[in-house]
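There are structures below to look over.
One chain, chain A, links the two complexes that follow: it is found with chain B in the first and with chain C in the second.
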Partner chain A sequence: MSIVTDAAAARPAAEVKVPGLGLFAGGLTALLVVLVGAPLLMIVLMSLRTGFPGEGGPLTLANFAAVYSNPGTYKVLANTLLFASGTVLVTLVFAVPLVWLLMRTDLPFKGTIYVLMTVGILIPVFLRTIAWILLLSPRIGLVNQWARQLFGLEQPLLSLYNIPGMAFIQGVSFVPSAFFMLAAAYRTMDPALEEAAYTSGVSKLQTFLRINVPITLPAIAGVMVYLFMTAIAVFEVPAIIGFPARILVLSALIFTSTNPPTGLPNYGLAGAYGAVMLAAGLILAYFYVRLVQHGKKYTVITGRGYRPREIALGRWKWPGLAFALLYLSMEVFIPFLVLVWVSLLPHLQLPTAEAFAQVSLDNYAHIFDHVGALPFINTAILMFAVPTATMVLSVLISWVVVRTNLSFRGSLDTLAFLPHAIPGILLAVGLAYLGLAYRTYFPVYGTIAIIAIAHTITWIAYGTRTTNGVMIQVHRELEEAGKVSGASTATVLGRIVLPLIAAGIFNSWIWISMLSYREVTMALALGTRKNLVISTVVWQFWGNGWVPQVAALGVILVLFALLVVGGLKLGFGRLGEWQH
Partner chain B sequence: MKRIRFSLLALAAVLFAPAVFAAPIDDLVAAAKKETGFEFYAPSTLTPQGAQALNAAFNKKYGLNVKLQYSPSGNMTRDIGKIVGFAASGTPPEWDLMVVTDAHHATLWLRKLHQTFDYKSIGVDPKAIQYDNGTVNFANQFVLPAYNKQLVAAKDVPKSWDDLLNPKWKGKMGVSTATHHLGRLAAGAWGEEKTTQFVNALTKQDLILGRLGEIYNRLLLGEIVIAVSLSDSEIKAETHKKAPVVFAESVSPLIAPAYHAGVPKNAQHPKTGHLMAAYLTTPEAQKIWEKYAGQSSALIPGTSAHKYVQGKKVVYMSQDQAEAVDRLSREYGKILGLAGL
Partner chain C sequence: MIKISGLKKWFDTPRGRVEALRGIDLEIAEKEFCVLLGPSGCGKTTTLRCVAGLERPDAGELEIAGQIVNSPARRVYVPTEKRDIGMVFQSYAIWPHMNVFQNVAFPLVRGRKRFGRELVAEKVRRALHLVQLDGLEDRPATDLSGGQQQRVAMARAMVTEPKILLMDEPLSNLDARLREQMRVELRKITRAVGVTTLYVTHDQAEALSLGDRVCVMHGGEILQIAPPDEVYARPANLFVAEFVGEMNFIKGKLAAGCIECALGALRLPVPVPATAGAVTLAIRPEHVKVDSLDGSSNSLVGTIASKNYLGDAALLEVEVNGVTLLAKLPGDTDIAVGQKAFVTLPPERWRVFAE
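Entry: the complex of A and B
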């Protein structure tokens, strides 16, 4: 399978002739082959072995036989498909109208909504899930209690403990990502089409459904595939909502195979489960790239001087705002209120007069006694090292892909995109196997470096998509002028190209830093005492039953995130351009 | 001449006696002094403050300057699995001393993954020494069904394990991943057949599944009203004292998992580990452990645990049950849906 993106397909204006270029690009390709290939090879290897990493032994298909002769596996695959599809559907139901409202209309408080959407991303998913349990649990959920009182129902009105419930929670949490991915397509849409519809007497809703949605369908399809790929790999919601109700999905099976609740880890089974996930990821990645390429054909930017106009919502302004508030309530306000409430209590409980009497700030006073400094230091290391390593590699790769005529630049681009097809949990398990089985050659197991490597590999696809995009926009003449003036290739890259693409790189740097900060699945799979990070501490506290302490930590983190996001918004103006 | 020789020997004996016949504990202390650092894995209920208190008292007693690094356990099964995996790949264990339950240490013992030590030689009660000198038993948990007292009326509180099978609890109970609780019943008081029947019957109760801490949280919230088994680690923990979760005290037998301290094979600071394992049986360490983690040893007369078990039918686990408990814990995990497919 060959995946060639637009960047590689676009031929540079003139061939770059740099001494040693082939060697440099070859080295870069080799580095990427090792980074991406080694964990992949480990996944294949562990699927063909039994026993523990490092024990060796003959290659066998026993794991595949055990996994695929079990009818339960197919139920898990069906659950995974339903969960991922439902998640994508829920995300789009909220994300598409939101992106239209914020990108195309004069909706009030747009700037504030932007900031709140970004802050929402930083509330740990499992804390949001607890909030949903308090609302929608069949026994204790407030919504169900109210429904019983109002309508005299004997059975709960709603329940979370099923696939639609899981998809709902996960889908809502994906909305910001989908929003930022779709924002560029909606922002650059030619308003003439909408205006033509309005002058023909078509309503705003009809225009949205019959003009905006069809035009952006390729972009939406791309986002759907991207979200689907992410949804089959996520772990937290399936663990908190699915597992208690025996609803297993593939990611949970892979995690429990290597971190079993009873017995010992079985890496072979994890590899066999992972093989199907990897195959699905590669197929979906292929379709994703095709859709993104296809989507370019529908671009309706009209050229220089083009400036899209906002649509006046008129009387629809307030329903539009209500929709945005409904979403923000689910994503930010309610979870945050629940966090604050729980953080003030000695133990988890519903709001009652008795509970109010127990409110105190004790958990805030003692939170650092429980945590210590190490997770904060490690998280800070990740937040700096991961985006830096990712963006350095991305710039170098994009420079080769966009600026040279080397025959293998398309392969390099494909290689850089490949990690997107590898679910994070699988990548982490592969790296853990590598670290344990070949620790002499890869002595990083148990260190923060192994998590940093996993994160860097994962986000290199995102990093190179960004740097490809910004590098294409820098005209080659500038570089040629530098070369004519006698500057070396390194000087041209450092003094001309980098400053021109610095803003785009910095935006991506920030975004990757935040993704690294909140990532939990890979950090858990690779976690040891010495590489604890905040996200794994949060997970550990939940397992220990220390929910109020976690909530206090969560509130502190959200306030910290608000400060960071607010500061960056002030500093960089248009927060919505972080992604694209 | 003979007299001179005898006198010289006697003199030598007096002069060198401390070196030749030094108490093994002194040797161990001297060896521990040469080690730097100490990685200590223990239940999260001990808390960082408890670990600090233990560290300070340990240093004071033996004149050491050990800097104890405490790792609160998030998942004992997972972490024991890590030790086994590390050993297979030749990687040294992360921890120098692990305090986990006897069932978890059984997994290491069955694979000969303990760094053994003659604990008796340094004064540890032989009754407390387990797994062929691999571990020291120093505290007991107690395990029973637990319920939310705000949601279960006094007349409905289960009085026997079989009461948990009453259909009125269907959909209202939870069970944790600590299936070794049930494995102990099978290997001991009940036998395998009866326990397996009980576990199969439990599956008909639409149980909510989760780790111990999660089941505790759901019990607190009222999502479930009864937990099939909880340990006093959850119930007695300092942070949980005011919570409305209590044991169904009438249920018998009482399961008493033991906390064992054991040094994993190839640990980097084994001497400090052995010394700390022995220290945990001393009265001062028992006091600290009970203050923070909430437990003491049922083997030591006068302790709270010893008083608590008087007159009760108690299920302890013995070394010869290790294999059965290990096997049955996994089997019950599968039956209950806790162990994947």
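Entry: the complex of A and C
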């Protein structure tokens, strides 16, 4: 998730003195400046140039003029804002009650619901979107087909092809992230703050309104800003639902400018659109950081960690459970069941006796012929290279930030957090431009390496947040006790520090590996025929209208993710627990 | 004022039932300051939270000012917000989004009894004066020191002039010097207001100096309820003796008319447990007399094994007949390590406990 830690501020008096430290840390900072700065510079550069990447020519404002004199642009901006606001609304409507139900009440099956929320993150957004289209598309959607047969309706019963439909799917997909961010805020809230109100003679409702809500308000506002910032940049839902419905948002415009279905790519226009998105992203990120810091003032160190009394739901238990199930159905069960059903049939049809007679595993049997070996190999490369590179960089950065007293360690921490504010689609387009315009210096365009680089830059923000946290937990005195015992620096690192941080780092490694596995936006924007990965193959199949194959590959994609995470949870569950 | 009878509470865990309270009986008179003392997990906080209504007991009855506020058998439960109480929490629980005035005024503005603006301002002013925070009304809660937060919490708990004040380890988050200051002040304030107080602590010095009565708890039960001097002088059993203050313990055996132990057969003018067999003898270090010169006929000869100089006092370890006794002497004693000395143990100072 996205918790900003002021790791640099937490340990002002660090005293690691290693010869050449300054040089090493300087080199690390320079590397990070290049990794994060170069794609951003490219966005600015391409917005100021016309023609193909690498053609040079004078800098011009022609792209901006072209974009912002076009009334269509303002329609797109309005769509983007509507879509983003709607998304935030949908997410909060589900996430806030869920947090309250799971963190403060005696709702049954809390543990299971918690696990299923995590599972939801592993179902890629584009697969969930596709599954919902298969249900609610006005023409082919199963629900609408069924409604036509049953009631003889002329018009579709429900359609997703509009901004509320897009916001609904995107909002449902954001709920787990919002839930985990808000749950953290609830956990750090001292239950005595509520109890002090009760003992003051204040009713439960008044306590909720005057104490709980104002105290968690900074956290809710932080989540809203974070979601809004992410929603203006997402690409999967706007592409899958928006394109066919002719509802364009900024991210879709940026993508089509660089990957047009016909004609030549226009990086200049993409840059001009991207500049707005980048500016909005950075401003929102600034507010987000401010809100998170403001919220921290409200966290109180509790005395004894008394287990807060759970609110007894009584007869409201079942409606509460129904609400959680309704959400989980929309997020996990329904999309997955639709994909499974469709993957077993030669073509999309309602579950009738006739359809059941045609059920077979044919689509699975032939999937390898359609896909080939390359996407699997490429995906495997991503799943190992990206988390490894990210975690190595994160450990080094966190070590400098947490364990040294170099003057620029704070800036290094901010720099590592910056990719969080850069929309993935912009990062990818910037890198693509870099690879095309300067291919002699940066010969990676069209290879799997450029996707790996894009992923690594993006997840350094997440990686360093975890490694900062892990390193702060390892108290300096544990290291010093090792040195006092006569162990060398290398022995202390290998025998004391590494075993202590290993579990935390391993968990992040797995998580980043899974994020890289399901990522599609950057892989598409940087994609050519040579660097296909499984997620982009599903996307292509969908573009070709191979619905059963999409479903079969989607089911395989989800099952593999469940297998990996479930297996590791069983095998390494204790390793992770021990960390906390 | 508060009457607790047969209070029981248990938690069902996967490893079976855990009994947090095994039947607590306690009556607290009006204006009394009663301290619940015990190690962590003894049930003292659970008892307090039951009185507050923040925890619901599984059996027993709770009465506040003659009104039953909780009785599972009679299906009576008065919720926390309807009970006439004030409470100070260990973490102070100062609401971070309000300033000092808003924190203290909250019970008057949103609580059981509501008051007009001017009366609220007057009551808040008086409460803040009581805790010596005059003039800090507009300070944001997040800009207060630990000691100031503690005082705001006190003012907020007392501002409604409740019949009962509940305090849950209120001084444990303060540093040592401030804690002693606040201890004295707390006693003055509660005396001045004359509120019935139930106070939870694990610190025996706090319990002895604050309480009109101290109630020592262990394993969900009350072991002794008595005024502080009695708890110290006559611990009801071995656990209380071990928990409150320092004591020397020696194993012994009840014999006809005397007790046999490593120090010889002792005839003691103190109560002895009725059960025959093994007993434990106990005596406080300040009652062990050590002298280098004149020993009486009752003295034993010992060797000084160690000396721990504390300034106002010195703690000596004396070996007598293979038993190590701790003795507390004035700090300026010239008895040195290694020397022989006469040890006198006044028979009336011994306490005898069943095993």
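Methods note: the second predicted complex is superposed on the first by the 468 of 580 C-alpha atoms of A that agree within 3 Å, B and C clash if a C-alpha of one lies under 4 Å from a C-alpha of the other, contacts with A are read in each partner's own complex, and residues count from 1 in each chain.
Heads up, the rule we're going with is that a contact is a pair of C-beta atoms (placed from the backbone, for glycine too) under 8 Å apart; a residue touches a chain by one contact, two chains touch by 3 or more.
Model, not experiment: these values are computed from the prediction.
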- Which chain, chain B or chain C, is in touch with more residues of chain A? B
- Partner chain in contact with A:Ser203 - chain B first, chain C second, else both or neither: second
- Message: If we overlay the two complexes on their shared chain A, which of chain B and chain C does A:Glu195 touch? Say first, second, both or neither.
- Response: second
- Task: Check whether A:Pro53 is in contact with chain B, with chain C, with both or with neither, and answer first, second, both or neither.
- Result: first
- Is A:Ile211 contacted by the first partner chain B, the second partner chain C, both or neither? second
- Task: Have a look at where A:Gln349 lands relative to chain B and chain C in the superposition and call it first, second, both or neither.
- Result: first
- Considering only touches as defined above, state whether A:Ile422 meets chain B (first), chain C (second), both or neither. neither
- Would you tell me which residues of chain C are touching chain A in their complex? 45, 52-55, 79-83, 85-87, 89-97, 106-107, 110-113, 142, 153, 156-157, 160, 166, 169, 172-173
- Note on the structure: Per the touch rule, the chain A residues reaching chain C in their complex are 190, 192-193, 195-204, 206, 210-211, 214-215, 217, 297-298, 300-304, 306, 309
- Within the complex, chain A is touched by chain B residues 39, 41, 44-45, 47-49, 69, 71-72, 74-75, 77-78, 80-82, 84-86, 88-91, 94-95, 107, 172, 174, 177, 179-180, 208-214, 216-218, 220-224, 234, 237, 239-240, 242-243, 329-330, 332-333, 337-341
- Message: With touch defined as at the start, can you tell me which chain A residues reach chain B in the complex?
- Response: 51-55, 70, 72-73, 76, 133-134, 137, 139-140, 240, 243-246, 248, 253, 256-257, 259-265, 269, 346-350, 358, 369-370, 372, 436-437, 439, 445-446, 528-530, 539-540, 542-549
